[in-house]
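Going in written order, the chains are labelled A, B, C and D, and every chain counts its residues from 1.
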């Protein structure tokens, strides 16, 4: 994946976020504070504007720009998590013209999330999509696989993030951050296809 | 009218107040703050309790006791006005076994209201019932006369008291303090009959 | 009616008791009266008192303390206190130099305070008073009883309190009040009504998209009902009227008070004050001091009032800025 | 939605501007950032900052000033501020001795403040922090993310602010915070929800005769919905839980904070505090200081919270009582 494709990937991701904005916030309603879609859309808009204002000339520049936009516009829990992912990506692709090792890239992103959020698998956070995605990436992962990973957050009881305050009442709802992460991976897979 | 009759008069007045409590407050709603009935009933209850706790032995004592009760329990505009009436009454009957000159008595009450409230006839206050009542007392006044005096406050525009704040919108409503004053005079006339 | 209370008829009693207990470092209840007096003695100085119906908290008791009121008297909710209770406040405040009463212009308040004055004078206590009428919502000329006393009254408490503390005489306080009162003007607006606990239902009604300009602090009707509008428009409506009444001119100094009515979040009050300060800037009028918050409320009414005080005398600003020891200033 | 505002998306911007303008004697806005910093320099002292989502006014900016916070950072309504904005607050607060951050325990707040710490340390500014978790409504053991930071946080601002002003080091402030935090416990209750301007509808719903115990300051669900009950019963429900959590015993001293949520009149808050003080008396626990009013709100939510702080160290009381120059303490 080169700079142009990566740009297309992120563009696709931002479009998906905008498209699912209302749904993402709805998912955040019963178990959070109903703002995940608005938060992510605010960040996506800022990132697109930044990329338009100054076209990145490297993968590193692309990821850094997006990471800074998300960090400075999203706020809440998802802002620093997604922001850290992109900064980790930027670090990972330093000096590279194409993404040499996608699994290593996403692993670095997951690592950033876990370092920040200190959640492990099973706590009903985006980690529950990132972790299986990274694992399966080597052997090949399909859109259906991603779908399944997102759905698998439904029966979990949240013990991290705002959803932890509703405890057992979080069971039976898809985790919004997992859903948006699913969109991120789907955009990636579609761009490669 | 001796002490016993005067006591019966006031008892009758208090009963009328209690009976018309809701209606008096209702009258106070569109042009005031909807509390005239509650204010007067609070005072009537306190006055009755005071008379029970210490039976007055003179007309002066009776009026003084009621005046102090009203003054210390009613508050608002009507408290000091009615309170002053009874203190003026007490002053008027000093040393008398029977009320010698009813017109002079009520004139003293009216005088107290005007001294306190500084309202003249036509400003839509209880003065608009007290003044014609005092005037007509010498020639004889009937229950129907009192009724008519109270009703005559309806077309007036208030320029004194809380009702003055609604200005022209006070037109078309009976003045609550005039209505309670009407009850006071009716109780008097009935007691004499 | 959804309120945090026990029996509605006990609300004033319990609230007073709560204030006295919570702030016993500053105030105390005088026996079993409806009076909270300051702990600070102020011996030899003129006592300054105020009071009125309850439901306007922190007014009046919140302004009792050194440098401000000597005592405050509580009436029932939205009902003037009785003369004997006002007289108790006068007695508590009298430290040998007489007592000055700040009365808000409502017939009931005026009558009851005046009777208390008579009672006090009969006992040899010198009493004088002023009557605040800062609410210009309803035009004065139409109503011989004049305008209502509302939020601007707290400026009177503060400035007279400062001078009472400095040792001003009854006469001096009276003269000062006469200069001060005409320079203070207020207009309120409401979004939603308050509920008097003993009545249990709203004092007036407003549609979901309606606001009312000129409403009084007891829910008295204002001068205009309009559709909900942006804060900027509300600020302009009120500011223009106040500015005209005070004949504000470029170069003038004013003190600004945005007063929440009890149910209005500070978020809205600060958005509103931002719009007001913009208007002042445009007119080249300088806001020498700005206060924002709940000072004279109407229980839980949603709404606010704007008060402007023209600083005819710069010394008034020092009086306003002087530190005091009260619950709520 | 009936609110005094202009465009919902501008509410934080305009509120900040309003606060900065109205209180320019105490605070100023740092450039065009989301930071209000105090005018008082405090050179050579540790800077103390806090912040979080907006909608809790007067928290946080109301507590910026000499003797308390050095700066406060505003997030969007009920949304944690971003790391770059927190970093701006750190920079504004740094006067050479490092910056201490008081963070309320929400994932978003913790993450964003921690990132700001990383940014600051990369620029050579020493940063340390504490995380307040005073809300014991939701039991800790169940949730690995722990409990929410709510109204009790203002005691931390005040006591740490006092020591920062006295020249305490980052390390000393950290050690003090570790002693302080376990002694502060809070539980809230709600009668009616708030409306986030950009969402335009209530965050939760309660029937006309229902209240909810344990509600959070963003309308997070509490632990129990019950029928409306007398203030005494509400006070007892909350007091018993706090007393147990703090293991209060006869002879203990506490500081009491009854905190209005924004839409609750002082009348109700004082009735409630009266009931709380009764309960303390019965248990022979002494209220060394009592505060009543809107300190950490949830926009216009109707409801309140009760915070008790056990005075393990009497010096904490002096720190709380020391005068400060802020908008709202």
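Everything that follows uses one rule, which is that a residue touches a chain if its C-beta (ideal position, glycine included) is under 8 Å from a C-beta of that chain, and two chains touch if they have at least 3 such contacts.
What you see is a predicted model; the values in this text were computed from it and never measured.
Trainee: Return the chains common to the contact lists of chain B and chain C.
Mentor: Expected: no chain.
Trainee: What's the distance between the Cα centroids of chain A and chain C, rounded to whole Å?
Mentor: 55
Trainee: From the mean C-alpha coordinate of chain C to that of chain D, what's the distance rounded to whole Å?
Mentor: 29
Trainee: Between chain A and chain D, what's the gap in Å when you average each chain's C-alpha atoms?
Mentor: Once rounded, the distance between the two centres reads 31 Å.
Trainee: Chain A: which residues touch two or more other chains?
Mentor: In chain A, no residue touches at least two other chains, as defined above.
Trainee: Tell me, which residues of chain C touch at least two other chains?
Mentor: none
Trainee: Viewed as a graph of touching chains, is the assembly arranged as a line, ring, star, complete set, or other?
Mentor: line
Trainee: Which two-chain combinations qualify as touching?
Mentor: Between chains, contact exists in these pairs: A-D, B-C, C-D.
Trainee: What residues of chain C sit close enough to touch chain D in their complex?
Mentor: Listed in rising order, the residues of chain C that touch chain D are 2-6, 11, 14-19, 21-23, 54-55, 57-58, 62, 77, 191-192, 194, 208-209, 211, 228, 230-232, 234, 256, 258, 262-275, 277, 287, 290-294, 297, 299-300, 302, 304, 328.
Trainee: Could you please specify the touching residues of chain C with respect to chain B in the complex?
Mentor: Touch list, chain C to chain B: 53, 75-76, 78-85, 106-108, 111-112, 114-115, 138, 142-145, 148, 198-199, 203, 216, 218-221.
Trainee: Chain D touches which residues of chain A in the complex?
Mentor: 33-35, 38-39, 71-81, 83-84, 116-117, 123, 159-162, 164-167, 169
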